[in-house]
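Per-chain residue numbering starts at 1, and chain names A, B, C and D are given in the order in which the chains are listed.
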């Protein structure tokens, strides 16, 4: 059977990334409390393609997923990229794995437990000269507007927001610890289950801790920098404003990607 | 050229709806202030198909869109469904047209003007015995929690929400008037452009008008019923809770669809 | 602490559904081959609210999720609704649970294995007089156009499509069996991993089995009716047409919901 | 009234981007055939914020939108960014405007006319040292697999795909011309309205012009490079594979961003 992909191409154009996108797969990741967690992932996998080849063999990328999905831990993730390079005979490999991650949280006063979802992402990029591994984490939060509180005789507008960090991997860390740090940088964290005593606590605490999106990204940046293990990271905060139908947004970058 | 769709089918199964979905088209609708408004629509169009025909001629549905898109007013909308019935030789026709509709609003204190978007929908269903035309309108709002305000020593959690109404058409009305009614039923309306004096006004007004989703749907229901021109309608309210990562939701139906 | 929700309401408007929407939770469901499967769910839970109460206690809905998420099987699902009724002191309860479900499939010629995702849904509605439980299943498929094949000298346009069924529960069945039935009703099933010999097989098989969306919904309807355990069901098919930027769509209902 | 945003901040962290996101606004753009086109936009606008200021004045960004939305042409777009810089007293300004753009197309044989939607984007970035303006255009296409055609005795799998280009602006061009170029690089273009004679033509033409995603990005790259007015551009192609439930994807970059 003819291998059309292997034929030569005359157009002299190298393809930077070619592969599969939006592959849905069940995966297993590390969990600080329960050792492992079963979740579901959306996966993109790419390799480069030299100018002289007509096409790539995409089924090999799925074969790599098949081999690695039972252990998508930080430690194992970059092995997956090496495997792509060897299997595709490519110089570069790129993988993006996005998944919901669940943590059990306790309500602040009642102590009642429930699960909270955090969307996470592993992003890797490997070639002969560099190996980059980024971890993305999205954390829903609550923010109360400092300006509204200052100028109003009563109340202050507040809203749900979301903080997203993208961390260049230096050494192993727990996603749970980063989530704690982010939640503590907001006016309040959010919960799935709250009783009335918790609602009172959260309302008052948020009122006492007003934050612009600007404050949130700076607070998170300061604390992430203090950990000292990330060569580079970005922090973004988006408020789903309760007085507008659009979002307020802020974005910071820190460190050096090319270290 | 053989007409495959016209061939007969032996399976004896009538198809309730068959047609085209997610057709994107520019449309022109009526505007209370500016006479007409150019916007873009997502359109679904279906007809029924008797058990003895193999297929329908979907291109005819697009020909109908082509004829009507320059005037998708309430008055003209149902003509489009009649045209589908005659063109498809069908007993029933269904059309769903969804579009963003823009209205210029003034900020409450500064008077500054900006445009607000409201997602609207025209839904029609016609056969030999009935003609139903529904108008859907979605209005972003702000709600402040009565419980949080009552139990907390300071502040009260509030958030963006959205109210959706679906109105069975009785006689002509302006979308603008329904939007006004809904915005006035919330803790506060939301705006695209607000200066600080407006923010103070809105913050305090929302604090003075706490509303659960239950309150919002009841308030809107009461006022819509008072207008007296809708044989049937539904009202739903969804709060993007600022203390949770999920929504609070309420839904009411009123009147009689079969009148 | 005052219970604001428990206060009375004078507007005399009963709320049909009130509750929580878009709750993300990890769940465990039954799996024909592996006994159980860990997945993630999007959950909506509602109860009715009599006209004389101001608000509902939404946190109790999350407490019910907390109790049931480790076993969302068909057998256990309706118990969750009974629990909501008793816990909320409501006459009616509604639950919608949507989740991706994974099945390992073998490629038709090479026999290579990979996981396929199917989006499923459990929908329940309970009051004093009726208990309705619906199972929704979405199956990606491939369809090849009979008209295009018939009129063209070479080739035939084909595309990915999706079939959705909603089945009124009568007695226990396996989701896996319904998926098989649907996949066999299309021009071809789709796979995550295919080698060249599989691609040849699928291409030729689809060419030999042309199907309109009308054919697909009729074929699925006929086979579901033959199983004889569903009092009512609906079948829809949507083609992401390769010659258009919109979809072709067909929808059938069968049986009697009120049995 | 206190200006909280103007207060000083001690954390010594510069914010790269701060502003508003997901602002929905009606806009007017240039149209090659009809001079102007009314459409609707999703707008993000950001400025930088020096480390010593607590917050930014986001309402000023909406005031800029208000001034420019009636003429978002390529010629006028960058003026909007200059206005942001002066109005916010910022060194940098960023604007992203995304909008559907409609063009009337003729079916290839019947000549029947209908409207096609193309999602476009204007992206601008300005500071003291550089002015970058990118135009993004997304074009739905149809692709037929060369491998499937080669190895199969009959038929060939094909599917809808989408090509996205991002062009660094050098000198004025018409969006219409780029869309033509892209549509001609696919196995076939797609249409909103086709009669049977058109369907035959398109089916056969696609069969005669098989293309991998790799072929499509190379073909588009080659032609865009030949135009010679873009200092840099990227081309991506995504196939919504008809034999898989995931996409095939390819991405190329060309030229030099820093010229």
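Annotations for the structure displayed:
The rule is simple: contacts are C-beta pairs under 8 Å (C-beta built on N, C-alpha and C of every residue); 3 or more make two chains touch, one makes a residue touch a chain.
Keep in mind that this is a model prediction, so the values were computed, not measured.
In this assembly, C is the chain whose CA centroid lies farthest from the centroid of chain D. Distance from the chain B centre to the chain D centre is 29 Å, each centre being the mean of its Cα atoms. Put simply, the C-alpha centre of chain B and that of chain C have 25 angstrom between them.
As a whole-number value, the distance joining the C-alpha centres of chain A and chain B reads 35 Å. Each of the following residues of chain C touches two or more other chains: 1, 23-24, 117, 147, 151, 192, 194, 196, 200, 244-246.
Taken as a contact graph, the chains are fully connected, with every chain touching every other chain.
Every residue of chain A that touches chain B in the complex is listed here, in rising order: 116-117, 140, 142, 144-145, 147-149, 151-160, 188, 190-192, 194, 196, 199-200, 202-204, 206-208, 240-246.
Taken in their complex, chain A has these residues touching chain D: 1-2, 4-5, 9, 11, 13-24, 44, 46, 49, 54-56, 58, 146-147, 150-151, 212-215, 217-219, 221-222, 238, 244-254. Within the complex formed with chain A, the chain C residues making contact are 1, 3, 23-26, 38-40, 59, 62-63, 65-66, 69, 100, 102, 112-115, 117, 192-197, 200.
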